[in-house]
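After this come two complexes, each holding chain A, first together with chain B and then together with chain C.
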Partner chain A sequence: MARDMKHIDVEEIKDLGWDELIPGAALFSFKEPVEDVVEVPMEERPYAPTNSHEWQVGDWRVEKPVFNRDLCIDCQFCWVFCPDISILSRDKKMIGVIYEHCKGCGICVEVCPTNPKSLLMFPEHMDNEEALKQWPQKEEKKKD
Partner chain B sequence: MVKKIKNLKEFSLSNDRFEGANLMCPGCSHNIIVREVLNATNDPVIVATATGCLEVCTAVYPRTSWDVSWIHIGFENAAVAAATVAAAYEVMKRKGKLPPATQKMVDEGREPKIVAFAGDGGTYDIGFQSLSGAFERGHNFMYVCLDNEVYANTGGQRSSSTPIGASTTTSPAGAVSYGEKMQKKSMVEIMADHGAPYVAQVSPSKWKDLVKKVQKGFEVYGPVYINAQSACTTEWKHAPEDTIEVSDLGVESCVWPLYEIINERDEHGIIYSTKLNITYRPKQKIPVEEYLAAQPRFRHLFKPENRHIIDLWQKAVDARWEYLQRREEAGV
Partner chain C sequence: MAKRMELNEVEVWDGNMAAAQALRQADVDIVAAYPITPSTPIVQNYSKFLADGYVDGDFIMVESEHSAMSGCVAASAAGVRAATATSSQGFALMVEVLYQASGMRLPIVLTVVNRALAAPLNVNGDHSDMYLGRDAGWINLCSYNPQEAYDLTLMAFRIGEDLRVRLPVMVHQDGFLCSHTAQNVRPLQDEEAREFVGEFKPVNSMLDVANPVTHGVQTEEDWHFEHKARQHHDLMNSVPVIKEVFAEFKERTGREYDLVYKYKMDDADVAIVALGTTVESARVAADRMREQGIKAGVVSFRVLRPFPFNEIVEALGDVKAIAAMDRSAPGGTFGMLFNEISAALMAKGKHPVVLNYIYGLGGRDTTIQMLEEVYKQLDECAKAGEAKYPLQQFIGLRGPKLSFY
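Showing the complex of A and B:
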């Protein structure tokens, strides 16, 4: 019998395999209808367990980007070029990295224009506060 | 309604309708393009996606990464799916049968935008007949080709978008071959010759140019074709963090010129004016060699016996850039 995907809980969905396809099932993005998605920020959306937002790919990473608020100029380059919607930006301010969704590609570090960079890659096992302590100093411009 | 985006800070206020934790490779350009296209408007968007990396990785059962209405359809008919949605929408609107929520948005001047996403395999080769048909019939939709110049999803086979000299799994470089033998098809001109009102080439690294063109495309009535450069970390074999740099090198070396073609038509569909605008001019054109050197798929071209292919590349790129500039000057 076809079951409504809405009434399946998260644990059950995690256990679903390809062989357990539910006939007639639809994958919903939200638990309840959202009138205007563009008006609702990520934190306030009623995500359904079948939305990939509720999952995580953070374990793909070997290195993680660490964000240094003191150096950031809020240029938003990292926000626009992040392929995984992992840069959290609110009210034109960069807030931080969503580690559940970050695959560790390093684009944000590459496009960061500050000197020294306000985003840097550190080993996954390192504590963020420890990483901030090891932040490099400003590089002097080389004179040709 | 055109969304006002003056600068990047303003653009960053957008709430994404494309979700993270999809299974695209780290550093994939596809995601960047999709985000920029969807964030270019506040209107409801209906997306049709052909089979390809984007579809396979954003809709792995049992999860979806789309917060917009989304249809997956075969490899060959993304354009038809989008055209059908456009046609159905117009009939429903004419008969007053739109759902109340949609009707309310239409009354506010926020017409739904219909977008088809397909890779270069689904556009240049397999999907070409349905794309051509949909453009000939003149449906009101936008077709975005995510051009990574290879069949990346199935293991890196050559497509008719693969440029000369690239090493792919079906055109491998080695002792007897320098890789792909054919030149790339110029899809933008082909689609412009269908009489489409707006056709453009974009790169995700030039986000403002991309957003402007997409907004322009949403405003015109009729089929719109956008050819987006999509650097592929897996098949172009560059490091994931270099995606934006490689895209930039393509633009700065004029391998991937950013331009648009506007066809103005009268009520009988006769084109009375065609205009080509180059929207980005590199301050200093860099040699093609730098673009090729950034991608290990062209590594073998730097061997002495293959150097002539690099010269061929430079010649082809220069000729094309010259052609575009002449067309822009002549206003045709």
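Showing the complex of A and C:
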């Protein structure tokens, strides 16, 4: 019999036998039906244990985006362009990067319009406080 | 609502029309197709039915067979009934997606009009496309004439969509010899066919937006093996469902199907095992041999996958010599039928003489006379109690005799 994969304990998943799997390896997002999901904030969604939201999926990142609150203008470009769900923003206010899910692709840094940028890539092993200390100065416009 | 098509008690349909009518009556929601000889008329007829209001679904014209099967996979995962048709090179291009369909457990129906694989390019019938796809995890049903192509296509939906199965199903028919040969076909009326096939039952449908589901996931060494095991288990256990559907179909139509097809096997000393239209030719040859005092019979697979291990051995009974006739280039070994039949017999402790005949490649005619010759060779072997000929022979071939092993 296939197990109830919507409500299974995360720890139990690794011990499932072939006979307990959902045929076709279908994975459910939520434990319960969610109507009009765009209106439900991430922290209130009933994520099922098979949803990647519940798993650490950023562990192969080699460079990370670091966020500098002092420079950010809350334009939401990074939130819009992030191909994952790794930019946390609430009420149009940028809060930071969710490192559990960020793969380090750098798109948020690329689209950041401030000068200097409010998001920059740093080596994975560097502390964010150290990264903020190394933040570059504003680039002067070149005069022709 | 689709219009009802008034059908005669007996229609004159070729295999392509028979399959197309079965798809129409099954109320398929999505047919995604790319035409290829000799299966083109299946989807051509189907699109005409659609244009004339006899179908309540959609026809998606795609740019290749890879996309045709991909469209069916998407439609089936979305939660609707999907089907298509192909042959040969188109089948070969679909192969990658055939494995996706079965691994994702999507009950798609594929009507395959069997044709040779290039090179050299050839549009005529042999079984090399069927053999190419036999490990793809689909249920494989084999027909020998247009009536059976019609019946099995209708039954394919019931079998694949059963909640105990949920696997895709191929229905094979021979290119031209079946697909383009008009014969009497006794169809069900539309409402009878619809009632038999039933409503499509979505499982983990992607269109159920309140319950989002991911299909086509990635697993590595951690889960792949368990999923393939489950898939194989469910394919092997589709047999009772196939039997149930065959039995219900017999109740409705009087037409009987079984996992293995037998002709005059009760007292047979020698038997031909073949697939497709050759089965019907072999029946005629067997009758002629019986006039000459040789007890000849014919055995074929109605269900090639899952492999009917017990039933094939039982059907062959105590025959003394068997011709395993493979209509596909064997590619450096024995033909598939020889390998699988020999293995099944050996596992059951039976040791008749088994000879492998490679025949009919690229649509080469297989005459009754050639099959009589095969029976005569088998008769010699049966009487001698040993193989008096090479284990693998090419027959109907120009030039010096070609044989191996």
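The rule is short, and it goes like this: the second predicted complex is superposed on the first by the 127 of 144 C-alpha atoms of A that agree within 3 Å, B and C clash if a C-alpha of one lies under 4 Å from a C-alpha of the other, contacts with A are read in each partner's own complex, and residues count from 1 in each chain.
By definition in this document, a residue touches a chain if its C-beta (ideal position, glycine included) is under 8 Å from a C-beta of that chain, and two chains touch if they have at least 3 such contacts.
Everything numeric here is computed off the predicted structure, so don't read it as measured data.
Chemist: Does the superposition put A:100 against chain B (first), chain C (second), both, or neither?
Modeler: After superposing on A, A:100 lies in contact with chain B but is clear of chain C.
Chemist: After the superposition on A, what does A:27 contact: first (chain B), second (chain C), both or neither?
Modeler: So A:27 meets both chain B and chain C here.
Chemist: Touching A:35 in the superposition: chain B (first), chain C (second), both, neither?
Modeler: In the superposed model, A:35 contacts both chain B and chain C.
Chemist: Which of the two partners, first being chain B and second being chain C, lies in contact with A:74: first, second, both, or neither?
Modeler: First partner only.
Chemist: Count the residues of chain A touched by chain B and by chain C, then name the partner with the higher count.
Modeler: The larger set of chain A residues in touch belongs to B.
Chemist: Quick check on the output: what are the common chain A residues between the chain B footprint and the chain C footprint?
Modeler: Chain A residues touching both partners: 16, 18, 21, 25, 27-30, 34-35, 37.
Chemist: Which stretch or stretches of chain B touch chain A in the complex?
Modeler: Interface residues on the chain B side: 8-32, 35-36, 42, 58-59, 61-68, 101, 105, 204-205, 207, 233, 239-245.
Chemist: Can you name the residues of chain A that touch chain C in the complex?
Modeler: Per the touch definition, chain A meets chain C at residues 14, 16-19, 21-30, 33-35, 37.
Chemist: State the interface residues of chain C toward chain A in the complex, per the touch definition above.
Modeler: Listed in rising order, the residues of chain C that touch chain A are 103-106, 166, 204, 209-215, 217, 219, 222-223, 225-227, 229-231, 233-234.
Chemist: State the interface residues of chain A toward chain B in the complex, per the touch definition above.
Modeler: These residues of chain A touch chain B: 5, 13, 16, 18, 21, 25, 27-30, 34-42, 45, 50-57, 60, 74-77, 79-86, 89, 91-92, 98, 100-101, 103-107, 109-111.
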